[in-house]
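Sending over a structure as structure tokens; questions will come in a sec.
Chain IDs A, B, C and D follow the sequence of writing; residue 1 opens each chain.
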Amino acid sequence: MTMQGERPILEARGLTRRFGGLIAVDNFSFSVSEGAIHGLIGPNGAGKTTTFNVISGFYAPSAGRVFFRGLDISGRKTSALAAMGLVRTFQGSTLFQEFSVLDNIRVGRHLGARAGFLSRLLGTDRQSEREADERARETLAFFGLEELADEPVSNLPHGHQRMLGMAVALAAEPKVLLLDEPFTGMNPEETRCMMALVRRIREGGVTVMLVEHDMQAVMNLCDTITVMNFGALLVEGAPEAVRNDPAVIEAYLGSAAADGAGHVA
Amino acid sequence: MSRKSLDRKISRRKFLGTTAASGTALAAMGSGLSRVAFADSHTIKIGFLAPLTGPVSAWGKPGLDGCLIWADWVNAKGGVNIGGQSYNIEFVGYDNEYDAAKARTGATKLIKEDGVKFIMMLGGDTWPGVQKIAEREGMLFSTLLPSDLSPDTKTLLAPCEVHPIYNVTGVEWMAENKPDLKTAVICAQDDALGKPSVATYLAAFEAAGIEMQDEPLFFDPATTDFAPVMTKLLAGNPDILCLDTCYADYVHPLCEQAFQQGYKGQIISCTADFYQKIIEKTSAEFMEGFIFQFPDFDDPALNSEGVNFVNPNEFYAEYAKRYGASEWSAVSWEYASIMDLWADAAGKAGSAEPAAVLEAMKAGGTGKHAFGTADWWGTELFGIDNALVGNWPVVAIEGGKATIKEFRSIPAWWDKHKDLMIKHMTALGQMWNQRG
Amino acid sequence: MPETAGAMPAAGTGGAIRQLAWRLRLVFLFAALAALPYLLSYSQQEIAVLLVINVLLVSSYRLLTLTGEWSLGHVVIMGVGAYASALLAKQLGVPVPLSMLLGGGAAAAVAAILSFPLFRMKGFYFLIGSFAAGEIIRLIWKRFTDPFGGPKGLKRIDPFPDIETGFLSIDFYEPVNYYFLALVVVSASLFILYRIERSRIGLTFHAIHWQDRLAESVGVDTFRYRTLAFVIASFFAGIAGALYAHYVGAVNPTRFSVDQMVYVLVWAVVGGTATFHGPILGVVVLTVVNEIVLRALGLDTVRPLIYGAILILSVLYLPNGLESLGTRLRARLQHWRGGPDATGSEPA
Amino acid sequence: MDLLWQTAVNATYAASYMALIAVGLVMIFGVMGVINFAHGELYMVGAYCVVFLYAQENFPFLLAVAAGLVFVGIVGIVMERTMFRPLRDNPLGGLIASIGFLLILQTLAVLGFGRRMGHVPPATQDKAEIFGAVLTYQRLFVILAAILLLAALWAFLRRSKFGRALRACAQDAEAASLQGISMNQTARIAMFIGAALAGVAGALTAPLVSPTPYIGHSIIVTAFIIIIVGGVGSLEGAVIAAVLYAFVHTFVTTFFDGVIANIVGLALMFAVLVVRPTGLFGARERA
């Protein structure tokens, strides 16, 4: 089951990010093929989230480069990356809690609903806004949320909020979607449902990269998996290969032993 | 006291009338409301438009308090006789918070709704908001800050304190009586009062052949610690330390610092409010001979011939009794002295109408200033001769008590040295045609 | 926030009726505003003029706060408009209506320049940064006597030109006439501000306020939008300043000090910033209380004390502002009627 | 008299009382998250305590200063209890309330002491000479008291349980409450200390300035600049910035003039903001 192209759509070379004296990401490289579902895993504190933040433009890399469709995008602003088609989600229910469900998606359509300042004032943006609304409702329908369009987000159950987070990102029409821990805190039923959604998103032609703790989900879902440890690349390959790699086992066992319970990434 | 509550009653009634105007009252009110209604045809109302709250209120509120004494005294004697009819005087205050827009609102209220015949102001920042109204309504105004005067301000008078011109008298007296003082330094707050005053002192020093050791030192009005200012001033060991027209809350710490940093020379200043307290902070010896321009009103010299202020000693006693001596300041008597001038002119004119009073006041080119008959003057400095200038007292501290040394003529100085004054005023951008 | 963040007016018959009711209400409001000066005394008309100008000031301030940033420099920006318009009219002879517009433009331009250092900061740092920037602008006015007039500022600023045609003659010295002039300008400005807020731009401002990182991630250039809010708000603050300058005829640096800014903050917060009308309610109520009620009671010395107490009590007992009184009242009414949808949900 | 030394002495004095005020302001901001606009008025109230007790009622100066410290501290507790506690989740509301409070304090001072200045005779007129520079005991006393109080505060924050709680709350109120630290208790103590520092600064300097009911305005603007330079979250930053500002301001005043000193002060503040928005010593981003 692959629609995988050979050309990498997203690539990092020698990525490094320091915070003061601390090196969170250390000379880390990976590449994501177009049309893939690519997993990024690693023990707690391995630097996954920092990597995500660097790729998505929240932090500039201290060294190294990020390429998107062959273009050097290192250090570009998040909003500029989104305009190019690289969109990320956030952990948990990071949403415009004060808005209605539909308004969340409408913000997600920010790039798709362009209009000049004057036309906003005069209301001549109505055409493009109507289109944007239609597309927003389509996106909601894709996630089965269309009934809830006018609900305030804060009334939604947790699982729906997680889906809405993905819907907001999808509304921006990404070419690559970066999912930050999409399954964390979900029950098996919800996880299954979410995995199906991710597959359908990929079928829509969107490349997906995700950071996740839930091994089971990652192994089942991803075409390729990159494992990092101590900020550096450990292994990259197909799920089976990664699962059986002694270095990976060692890293997870070691960290689990050292870690105890209740550590937060 | 009773006056106050009466005021309140009237204004409250008016307020209820105007704001509760619902549909039924609408027709009756209309614009007719702004028409003046006299509560009592034998009362003349005088407007008092000055800051009564906030940081500048020290220049307003004590003046209104002084005016209330003035009114009580005049009314107790049957009021002011105008055209054969006696009128009681009533003051209507409006707090302009030293804001131009609020002053404008206050001026229209006093004119259109209270029907005042004359409005006294502090002036300064608030005057430009009122200027247009003065022109349009032909209302007579007075200010304590003559820098408000310009050729267009035909109905604005500076009839009492022609700040800062009178400061020349102190310098002149000092130069005559202490001729061995040769060098001076000066500091001032950087504002509308400090700058023209600096120009005046510079002119007066130059006229007296006293040399400035350094450029004038300007400090921000928000300054609270004056040690660095004084350190800089004293660095060259001057003979004379000039405190310009610093406010009382600057003069005190400045003197304290001069004393502590070992200064022993002459000090000259425009004001020395609460000088007894400065003596407490320094020493009687240090303050001996301190020259300034504002006499105590219990000074017997104020009873001398030529001084027009009525019963100055009693006025001070009454003020201290009513409001406490610590509230007393120059403005306490200044606004009241303007009322003397006004009452005199209204009597002469036989009318309280602003135009008639103005004409009577300026008739003959002289007027009865608090400190003696004086000339209407100012064309060269202000572009209009609406400032009343004559003698001004030179005061020195002797034996811990402010003593009037002499009433000295400002016009006499001006006739000799006006070029110097115009030169220094121009250099600091203080001539009427240099102001926005 | 649902009311303001909301989408376009809903279509359908319910929407049409609501729209009609809304329009009727507007007509009534304007009729009342037109009748108002004739119910007031002359000096109260003066207060009404300043009040209308302050309505624009505080409403423009609210637009800036939509992105979540609170400025302490808004009154200084108003001053930029006032000074610019006054100087253009005084020194270059620009006709006053045009100079007012340019005054707004100057304020917007200054804001655009300031946004580069200021929007490197967020939240509290933006607040103090805007204070610092404002103080520096005020210092420039004080130091450069030519052309700004130094601490005394500018006076004898050209008034708004009288309209003198054969049958119509309007003298803008009369507060009632200036009131209508200001009312027209301010209504038009408020309409624009309202449209902006109700458009996608307003939605984006809100989005930045609540989750700027999420907004960024879907392509919102938050710096650009924060700047946009700042520039628009500053433009209208500048217009308010120009209206003020040509009415009062004088401006000085003290008039635009942080003390005055505090009043704008107070109006906005006491009125409630969750809705468009909250800050307007705040400035109207507080002005009437301070300038008319307390003065009429003959209270001079203690007026600031009572005003201060009112501020404290209102933030303590109406934390969502005076406007929440209306919402509460409506909810209460709905409750009595047994209406099902009491949608007066409190803003977060 | 050596100008340089005299200027340094002047600057040291200015730094001392400014540090007291700025540290108080930072303390209140750190724990409460509120900018206390009434801080200048707390200074004013402290000064009037000395006007009343020492100048009018002839109590000993030290006693009056101590009373000022305690009284203003109590005023702080009252502010905390009546305003800042109910408004804890509403920092803007807290700001507005403090503005209302400052209007009340100003008016009360006018009613109680008149709108003109208060008079405080010096407690002593003796002075010391250091390298030809004059340092009056009155000023020396302010310097020593400031050092003593700030050192005591530092020790208190390091050593005591409350100190740890205070620092924890300033770092992260939620985490602190999870650790069983009482937010109310901590806030009360922080308000007492913060207000008392402003009050004692006013009380100590009352004989050296001329307190008026409106002096708070001059104080708060300077304090604002200092905490911006030092970083709003940092007590040490406030002290260092106070020293820095006082020296820069004093030296520029002496060698140029007071208005230029203000320009330099503002420029310093703006430069710090542009280069390092969190202030020289503030590390944390607080949105």
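Everything below uses one rule, namely that a residue touches a chain if its C-beta (ideal position, glycine included) is under 8 Å from a C-beta of that chain, and two chains touch if they have at least 3 such contacts.
What you see is a predicted model, and the numbers here were worked out from it, not measured in a lab.
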Revision key, fill the gap. Comparing each chain's Cα average against the average over all protein Cα atoms, the nearest is chain C
**Study point:** Per Cα centroids, the chain farthest from subunit A
**Key:** B
Study note, to complete from the structure: Note: subunit C sits from subunit B at a C-alpha centroid distance in Å of 37
Study note, to complete from the structure: Distance between the CA centroids of subunit A and subunit B (whole Å) is 73
Study note, to complete from the structure: subunit C to subunit D, mean C-alpha position gap in Å, rounds to 34
Study note, to complete from the structure: Here the gap between subunit A and subunit C, centre to centre from mean Cα coordinates and rounded to Å, is 41
Exercise for review: Give the residues of subunit B that touch two or more other chains, as numbers and ranges in rising order.
Suggested key: 53-54, 61, 190
Review point. Of all the residues in subunit C, which ones touch at least 2 other chains?
Key: 301, 304
Point to revise | subunit D residues counted as touching two or more neighbouring chains | key: 107, 110, 217, 221, 259, 262
Check your understanding: Touching pairs of chains, which are they?
Key -> A-C, B-C, B-D, C-D
Check your understanding: Which positions of subunit D touch subunit B when the two form their complex?
Key -> 1, 3, 6-7, 10-11, 13-14, 107, 110, 114-117, 119, 121-122, 125, 127, 134, 136, 139, 205, 207-210, 212, 214-215, 217-219, 221-222, 249-251, 253-255, 257-259, 261-262
Point to revise | Complex contacts: residues of subunit C adjacent to subunit D | key: 70, 117, 120-125, 127-129, 131-133, 135-136, 139, 143, 258-259, 262, 265-266, 269-270, 301-302, 304-305, 307-312, 315-316, 319
Point to revise | subunit B to subunit C touching residues, read off their complex | key: 4, 7-8, 11-12, 14-16, 18-19, 21, 26, 29-31, 33-34, 52-54, 61, 93, 95, 98-101, 104-106, 108-109, 112-113, 125, 127-129, 131-132, 136, 147, 152, 190-192, 429, 435-436
Study note, to complete from the structure: Note: in the complex, subunit C contacts subunit A through residues 1-2, 5-8, 192, 195-196, 199-201, 203-204, 206-207, 210-211, 213-222, 345, 347-348
Revision key, fill the gap. In their shared complex, subunit B is touched by residues of subunit C numbered 35, 38-44, 46-47, 50, 90, 142, 145, 149-156, 159, 173, 175, 244, 247-252, 254-255, 291-293, 295-298, 300-301, 303-304
